[in-house]
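The structures considered in this document are given below.
What follows is a pair of complexes built around subunit A, which joins subunit B in one and subunit C in the other.
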Partner chain A sequence: MLSKLGGALLAILGASIIAFVFMRLLPGDPSRLIAGPLATPEAIEATRQALGLSDPIIVQYAKYISNFLTGDWGFSFSAGESVSTLIGARLPATIELGIYAFVGSFLAAVFFALAATYRQRPVVDGSVRAVSFFGLGVPPFWFAIMLLVVFFERLPWFPGPEGRLSPGVEPPPSVTGLYTVDALIAGEFGTFVNALHHLVLPSIALGLAVFAYLVRLLRANLLEVAREPFLVVARSKGIRRWRVFSRHALPNAFLPTLTASGLLLAQLIAGSVLIEKVFNWPGVGTLVVDSILRQDFAVVQAFILLAAMAYVVINLVVDVLYGVVDPRVRIGSKAE
Partner chain B sequence: MHDPALSFAVGVLGILVFLAVFGPLLWRKSPLLPDLGASLQPPSRAHPMGTDDVGRDIFARFNEGAQISLAVGAIVVLAGAVVGGAIGLIAGVTGSWPDTVLMRILDAILAFPPLILAMAVTVGLGAGAVTASVGIIITTIPYYARLLRSDVLKLRSQLFVEAAAAIGASPRRILLRHIAPHTMPTLLIQSAAVFGYAILTLAALGFVGLGVQVPTPEWGTMITDGLNYALTGQWWISLFPGIGVLAAVVAASIIADRARDILDPRGQYTFV
Partner chain C sequence: MRADSALAGSTTDGQRPPDDVVLSVRNLKTQFRTKQGVVQAVRDVSFDVKRSEKVGIVGESGCGKSALALSLLGLIEPPGCVTGGEVWLNGRVVSNLGERAMSAVHGKEISLIFQDSMTALNPIKSIGDQIAEAILRHQGNVGKRGARKRAAELLAEVEVPNAERRLVDYPHEYSGGMRQRAMIAIALANEPDVVIADEPTTALDVTTQAQVLDLLDRIVTQHQTAILLITHNLGIVAEFCERVVVMYAGRIVERSTTMDTFHRAVHPYTEALLKSVPRPDRLERAPLASIPGAPPDLANLDQGCSFEPRCFVGRGRDVCRERAPDPTTVGPPDQPIVSECHFAHERYERLIAEGEA
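Take a look at the complex of A and B:
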């Protein structure tokens, strides 16, 4: 337990060094960028001093870390705001999209994994496997564009790339920042439907890879569990086939998917960077892509370190949780 | 051996390789020269994949894009396997503190979602095909290293290795002649998967503006080019390069999947 925590801390420390090296040491002189192309050498030198770029590297790194930990993630010169304000304002949009994408793909994955393995019909199983290959191989941003071409441009079923709500629809009073939840709290049913309608295509585009990964994992686990003797025992005691499947096989097949949570979060983080822009979704992903295009690297830097921390934390939580859920892991680690 | 999925995958990769190698020789339209009189034309006999916003032939650009994607995929696989493999072998054979230090460094790399680290590297080193490849290579190293390390740990206690040591073979000879050859299946399976991952990631970096730079045709940036036109009816600009990425990645992952089933069904691979 303690060693896991220590390992996670070391990983974050190492990650911050990598981020520092690539984001702070290697790029061109940021003081020249900030001071502008017409600045005199004295002005550039003054900016260098102000930014602390003439300090020793160790001091710069220490400042970088302490600033990050105290929530000072730098200043975005293109937006004229602090990075923490910018990211904070856009996080709810990304989180709402991520939640819908995850829940949707999880439910779909359970359904299709069951369909593929229950009774083991080759046609169903084959198509589910084909879809999972497609989902893991397709570039998410391209899939997003194609969704828009088919379901917005050709068939007018869903709204186009206009963000979270139709133009003219006022966002609900902010409580959680999630429009669907806030709209329900405020009792604005029309806004709720509108927000939900706008979430459909982006969630599918973002969730596809997660779905593909989960369905493959669940299918393989279900097939493995299906060979276990305790299922034969349950069947021979006269328990119905479906009940054996849902009560005995499924929970055991879920267990290993827990370890994949970190990978799934990585998919969601990377996916949001890639698909939000296509839908003009006003989230962190769009902010990051726009900042790259404007060479506004303060935002990108903060995002990269935040993504690494979120990733390490979820992996640590999963590690600990796994021991709680599965006694074999707990006892196994003690025996070592 | 009858395996339709595998034949399909090999066939698709074969077609892409053919287009990359012979496409520019057989289809002599320029992938770079604009022809404003012929802009935004739908697929036709003259332009099988249509033309883009400045009238460049998309089929010609598709073939060039195949060259770049397949080349980057191959380079990433080679570099990742050599560097990651060497780290894994060294860590597994030496053990003790070099092993611990190496594994800690790899943990730091694994602390990033792969695409995000590749982005960080390209932002730091400047966007471009070479830096994008370097970024992608760095993200693949830990996966190779960990796999090879655990292979070495398993092999070290095998009887034939002990026997080699008993008849006086040097540690170097044991490593190169007795241990390394047995890690080949692992390397092959992971490499097939990494090949697809590299192509997908290169396209993603291109899409956000950190990959291959304009005007060089690359599938990811070509998809970005079509973004603004897809919703006004010109779907073909984005469609075809996306199909290229999809075909290459799916083919690679089918091959990786089958290779694992045949060579090492219980292995713990990433991206397979």
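Take a look at the complex of A and C:
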């Protein structure tokens, strides 16, 4: 466990160095950008001093880390706000989309994997495999645009790329920042439906790859587990086929899926950057894309480090969960 | 010559077996559809098991023993399928029951002890939960706490030390012998009338094997459970079983009492099987005997006797190649030997003559 924790810290350290170096290597002088095109050399130098850019590189790095840990993630000159404020304001939108995409793709994956393997019907199995193949191969942003073309332009079933709510609909009073949840808390049912309606297409676009990956994994695991003798034994106790499947086969098939969750989160974070842009979703992904276009790298740098931390934390949580679910890896269990 | 099988205690189709017969298998057929063709794993198998009787099913690997076990239980999964015959359990046909009705029979009237206890237990459920699951399925009225108490009792009965404390342990925390004991506890949780034990001791070392067999013997005697012991170990059969069924290429080629199997092996396959058991007193004189050739391909069976290519009796005789032998009954009517060999009568008479000489 300690070595896992050490590994996690090392991964974050590595990510922080990459983010830091990435920032230094960029062409252009941030002090000049910040001070403005009309600033005198003295003013630029003063800005450089104020930013600490003339300090030795190691001091700069140490300052950067300590600032990051104390919540000072830098200043976005294009927005004129601190990065933490910017990201904080955008995070709920990204989290809400991520949750819907993940939960939706997870449920769909379980359903389709079960359909593909239960009683092993070749036609169902073949179709599910085809869908998962498609989902893994198709570029997410193209799929997002196709969704918009079909379900917004041709068939007006879903709203277009207009963000989280229709124009004119007021966001619900903020409690969690998740509009669907806040709307329910406030009892504004109309807002809830509107927010949900806006979530459908982006969630599908973002969740497709995760869904495809999960289906493939779950299907393979279920087929593997289906051959296990303990399922026959469970049947011989009088447990019905479906119950054996759901209580014995499924939990065993889920174990490797849990390990993959870390990867899936990475998939979601990476996907959100492009998907949000396509749907004009006011989340961190859109912010990052815009910041790259405006050369506002303080935001990008903070995003890289935050994403790395989220990834590492999720993987740690997965490790702990694994021990809870699988008695064979439980820490401190009696040796055989 | 179907009448012969009726004489031997196997009742004909559609007729209720006598009351002391707890399990009656009649003309059971099981096939597997594979790319190589239809594999006939169980071919027209009939036999009876009486209450609290211990019957051994022996044969080489791939002769259809395990397929027979699963067919009896109605747990053959695709691509396999039971294509004919009947299974009578406690005086009624169970082979035509639907899944729901059959699940009420499983565990309660007939249950299974599996070969490898490591894979036969769910690795992520505690032993206690797995025993309690069997109890709750058929005795739901005892409640969760009651099931747990009963599970501890069962575990104690199969001689797992510290039974109550070890309920919460997982299969990987048990030794091989203890896992097999836990398996027995699960199989006996609802005191079934028939237990099918598919190679229950194969994965265990010899000392543990003996302990587990002793335990099984004592418990089935106590509970008046009939047991169907599937094994390729003839030593275990000699020690444990009262009657023996010998399977070859999906058919029962011989069935008789254990005594007859070992001393009056009428079918050439039974004789060959017995000869291939290592005997220390013979080892110095001759190399270890084995049966030449391999069992036939069950997807491409010839019309003749399936043992013919490997047989030392029928060599070259046309009848063996042209016609599959019918079951022939020899020996005294109360302890018949049913043998599927064209020369059953000749061979039996010679055995008797040799015995008297």
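Methods note: the second predicted complex is superposed on the first by the 323 of 336 C-alpha atoms of A that agree within 3 Å, B and C clash if a C-alpha of one lies under 4 Å from a C-alpha of the other, contacts with A are read in each partner's own complex, and residues count from 1 in each chain.
The rule we apply is simple: contacts are C-beta pairs under 8 Å (C-beta built on N, C-alpha and C of every residue); 3 or more make two chains touch, one makes a residue touch a chain.
These numbers were taken from a predicted model, which means no experiment stands behind them.
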Superposition on subunit A - do subunit B and subunit C clash or fit: fit
Which of subunit B and subunit C A:Leu9 touches, first, second, both or neither: neither
Subunit A residues touched - subunit C or subunit B, whichever exceeds: B
Which superposed partner A:Arg241 touches (first subunit B, second subunit C, both, neither): second
First (subunit B), second (subunit C), both or neither touched by A:Phe134: first
Inter-centroid angle subunit B-subunit A-subunit C after superposition on A [Cα, multiple of 10°]: 80
Which of subunit B and subunit C A:Val59 touches, first, second, both or neither: neither
Touched partner set for A:Ala19, first subunit B, second subunit C, both or neither: first
Which superposed partner A:Leu107 touches (first subunit B, second subunit C, both, neither): neither
After superposition on chain A, the shortest CA separation from subunit B to subunit C (Å): 14
Residues of subunit A defined as touching subunit B within the complex: 7, 10-15, 17-19, 21-23, 25-27, 133-134, 136-143, 145-146, 148-149, 152-153, 160-161, 265-267, 269-270, 273-274, 277-278, 288-289, 292-293, 297, 300, 303-304, 307-308, 311-312
In the complex with subunit A, residue positions of subunit B that touch it: 104-105, 107-117, 119-121, 123-126, 196, 200, 203-204, 207-210, 220, 223, 226-227, 230-233, 235, 238-239, 241-242, 245-246, 249-250, 253-254
Of all residues in subunit C, those that touch subunit A in their complex: 70, 73, 75, 78, 99-100, 103-108, 110-112, 114-116, 119-126, 133-134, 137-138, 169-170, 172-173, 175, 183, 186-187, 189-190
Subunit C partner contacts - residues on subunit A that touch it in the complex: 119-120, 228-230, 232-241, 248, 251-252, 255, 325-328, 333-334, 336
